[in-house]
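Each remark here refers to the structure printed beneath this line.
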């Protein structure tokens, strides 16, 4: 609730400085404009947590599905900073992308009587037993970067946190619509690695269906399992849809492979690229103009959010509806954004970096 | 390897494994050095393992010296144990690295889950079907390689890719789960703080080692691996032994896959390729343990837990993922190189 | 090929397995079948390739029969061409599959980008440094394997993992990019609608094939691969040839990596492992082309574009990603099996 | 029996009587080994084949195991031993007995078995020695022992495929004494060999194969002599199997001298050989004579010594094969598969290989057509069959491979030609061609050194023979180099006695037959 009102008021404030690229004054476009600049304040929850200092000395286990993927590095930094703030230590365990490794990590956390377990982008399914075991042992488990799985609903010791995937896809869709003045032939490289990713893309598609009668959308499925085939499948998709002028890459990790695919199909000239879940490097690409637009989420905030959620579970409190700030970067609206790793980890791209203090206040460790 | 005797000189070539040549005439000093080399060639890895343990115990006592860490090291490597056992089956009869093992393993894990969860097949029936499937794969590999005479890597690499595709199709590219928790007991049931699957893996490897060391079958397998033609002339049923090895490899991979699925409650077929590397690493590192230059189950088992210890320790020290790659690679090269040199010295 | 009669006896000399000797006893039918077997063993893959082309041309003419499709097939495989060439270097001199090629390739691609983008080194200097680095890797491989005598797979597998780690460390786990577009011309500059890198790959493979077929060096390489002792007795510096092969493998991988980086403007080190499979597939499928049972550059080149065609066509037909895995695996096994059988028949 | 499209045995029917030594002779590639392998189930014969042992028929294809149980044992041409394993392991491989429950091997029992066999053989070879460390002769003994242990006295058939080729004279005579004992019991022996003397002396009857067909089945050796037998094998009268060459030595020319040669088992040997002369080196196993060629060609680096050629002195220490070849010293080694030829390559490539192997301009293409012409010439000179430069060497029969190996090195036009066992396991026809070629090389002014243990070979080839003892030259034979004299010189104590003092004729009662027709 909190977060929503925040977004709303910021929207009203910024009416004046509207987006350069478009003329029409629809709320959608206004929202789009807002997405292109930092927030005035991060959507930090308001409900404080009691007895956090009791958690001092505990160990949080942070388990990303794989460490070989940039965004988790930033999440991890956030988690570590946040944990440090409450005097907890963080143990990182690389899921290495395999069910057995992820399970092993969770079991390790359970065996080690962890204060809490944070699973980043880990589908419940690939470690179902271990997660269940962890909960049986009374250890709070937080899953992030995954849509809630109805078959495994939240419990007092287990919760999903908010995701920004859909928001990013919708933002990209709106940008494409605006940028093409409502006449875009879009190809989406949809990641089929999991249910969540598919859902995000679907939400993005829906925007085109609802808000752009003049647009066509084709999709091309890519997956980590067949990484080596991303270029050729992109090429073939472009061959099939020779009138494509916008290519949305759901996850920037496939951006380079997609680009080679575009090159091979000889379509470099006519295609504008847009990518979601971008990290520093991709945003540099936007700055250099080789990518039209990119969305990113405030990963630093995500780290703090994970810890906040965990602390609430530990304290037995209910977990609020978080909102993860996202931003849409385009060459001419990103202004003087600092393209450095420091900036990325501080979260300054998305808003005032003071949100860490606000969290600390909530936790009573300021 | 074939006839290693060099006709030119009539002198024996140095032995590939146990360098027992020319031991007769040696001075005391030489004998000592030889003994040293001999020992270190066999136990250096174990020594390094102990070193690691001590190191970590000093650096991160409160996390490393816990039953939790212990259980993590010994309770989390079953998949690797089964995979390497399956790989050893064929390597020992002289077939070069079977690239289909990982995918075959994945196939079993995927099949059992899909059949049970998506198609409501009784989980035990599903398990049996899964193992049968992997066995059939083994038979096909065997027939193509042994009877038709196609290159081993081609067949297994192709089969591996093929099975990966099948697995992805079955699960329709997504992680799947939902096996009944009762079933998970075949993997997770705890004995002395370690899951049943650990003991299963242990028994498998020890049994394997026993067969190789003490039974006629084991000897025939080794001989066939050493030199096919000579074994045939000596009256070993080469064809049967070789095909048998592939079939067994299939069975083991299947059982391993089912147990893995039971343990995690599901599987992600896309991930099966991720096992290839640690699997090879452990198997080859095993040649630097106990029997230098020789593939052997016990050595492999030790290598697996050695690597697990190393990686866990690094993680406890907060190293990022690239470190463990470097560790894996570095250890593999250095350990095997050392043991090769030492083993030569000990001649 | 003629068949002979021994002057004394008037009956043909039964001197070969090749059956030529007894041709005169063969019915016309047999002779035809023999000739057929001979041809099909060599050209079946090419035939199938043509079949695919026709098939796709009929099924999806408007997308497949376009310059775009042509470009996609022939303009997208350079990385594979360089990787397989590098792999062939060592295979030809009888070293078993070099597992470090892909990572070495990745190292070069990562280095050139990191040095230029993150450390502002002049891009050409960076390229040179990258190639030097991969060459050094080749030298180390060579020394360990040839001089020290460590198992090839162990060294290369370990080295591969190690380099993967290094690559991830250099790029700090992120895909990197930002190479100057001027530099990208060494890969993308268009000639007759195909990028320069395509022609570079072509020249590399043809040159390689020429060296093997027509020059003393090539002959020495093949003899060393065939029988080291025989080569040594003929005065070939076997060690030098073997180490040389590894060094060259390093150079080629490096150049390939740099070109790949130039083409995409950067690299994702995590992706280098994704090349392993197609690389092996193409190399081994190459043994079913032109010279059955022999690794040969031209065959490999054909295999690469054959696979590319097959996969693209499937994708144009709307097949999901698992289909192409099945295709890769299936084709590999079937093609090589057939050519093996046919080749036996044609004896 | 057919390999792919190549029928190598055509309608062969052979019958071995109980208690006889049955000789089987034929040219290289005539199918002797194949016949042996069919009988033991290693190869699958074509339909219509019948094999019966001791009256009862075997079902086809012969299963190796069943054949063995019926007492059909074989010592293969290539012994079939694991050099990296002990004598005991080699002896018992494939014959281990496992305990009931645990399936363990009972090594006590295994040792007992092994000892028993060696006792029967009257040989004592350490059971734990690695076979790789044994001499060729001992290796042969191990292989023979392995076959004997399968043979139950009184029944079955033992096949020896050129098992005697590596045996020195004393062991040879001992070997036939053992055979005599064996056949006494009623077990039959099929003896495959190229040493016709063995047939004449030892066999009861002989069967002759030519091009996979039977030309003589079970002809009694009474009244046969080696010439007659050779004639049967080749289908032509052999001009001579006795040395009939005039010396081509050029006494005037400066001799090639080897001084103070050390290394391998050679301890300070000095030799002289003149252009046009063929010098033979021989001695008992271990005397070091067979190391000399490898030392002189830098294949096994000598400890010390010098070699003086017309071009000047060549320091042997740190001599590489490359240097040796450059200096005009070439080696035709023993062991075609191991060191002689690349079996997977064509005749042409193998023949011209040494000429390009050290090329300075490693990337300058070689002249294919010239090479082809040259190879065609050599194929013609040495009568290689089939005369097809593009034939894969591995598909040629032993004799023809040996010819290619010789051509390969003669084509280098050397000053000093070193040979080791140039005609081992080669039939009389091929042997003649090879001898002629070597003599021709000598005649054209090359110095030739032949190291060999086969007195017949030496007597055919050499102008002069030196005998080694303990790594030194001990005796020298200059005139009338008959096999007898050579053997006497090698084994000073005793000369050549008849191989087998035939005992009373084998019992021809109850007519059992081991028959087979393909």
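In this document, chain identifiers A, B, C and D correspond to the written order of the chains, with residue numbering beginning at 1 in each.
Keep this in mind: contacts are C-beta pairs under 8 Å (C-beta built on N, C-alpha and C of every residue); 3 or more make two chains touch, one makes a residue touch a chain.
From a predicted model like this one, the values you see are computed outputs, not experimental measurements.
Interface comparison, C-D versus A-C: the higher number of contacting C-beta pairs is recorded for C-D.
For this pair, chain A with chain D, the centres built from the Cα atoms lie 77 Å apart. Rounded to a whole number, the gap between the C-alpha centres of chain B and chain D is 43 angstrom.
Chain centres here are Cα averages; for chain A and chain C they lie 40 Å apart.
Touching two or more other chains at once are residues 67-68, 73, 192, 221, 223, 225-226 of chain A.
Shown for chain D are the residues that touch two or more other chains, namely 299, 333, 338-339.
Residue positions 168, 173, 229, 277, 320-322, 324-325, 344 of chain C are each in touch with at least two other chains. Inter-chain contacts occur between A-B, A-C, B-C, B-D, C-D. Remark: chain B residues 63, 66-69, 71-72, 75-76, 78-79, 164, 168, 173-178, 181, 184, 188, 260, 263-271, 273-275, 312, 315-316, 318, 320-321, 324 touch chain A in the complex. Within the complex formed with chain B, the residues of chain C that make contact are 96-97, 99, 144, 148-151, 153-155, 157-169, 173, 229, 277, 280-281, 284-285, 287, 320-333, 336-337, 340-341, 344.
The touching residues of chain A, when paired with chain C in their complex, are 67-70, 73, 192, 221-223, 225-229, 231-233, 235-240, 242, 253, 255-257, 259-261, 263-267, 279-281, 284-285, 288, 290. The touching residues of chain D, counted against chain C in their complex, run 3-8, 29-31, 210-213, 234-236, 297, 299, 320-322, 324-326, 331, 333, 338-345, 349, 353-354, 356-359, 361-366, 368, 385-388, 390-392, 394-397, 400. Those residues of chain B that touch chain D in the complex are listed here as 1, 3-13, 15-17, 20-21, 211, 214-217, 219-220, 223, 226-227, 229-237.
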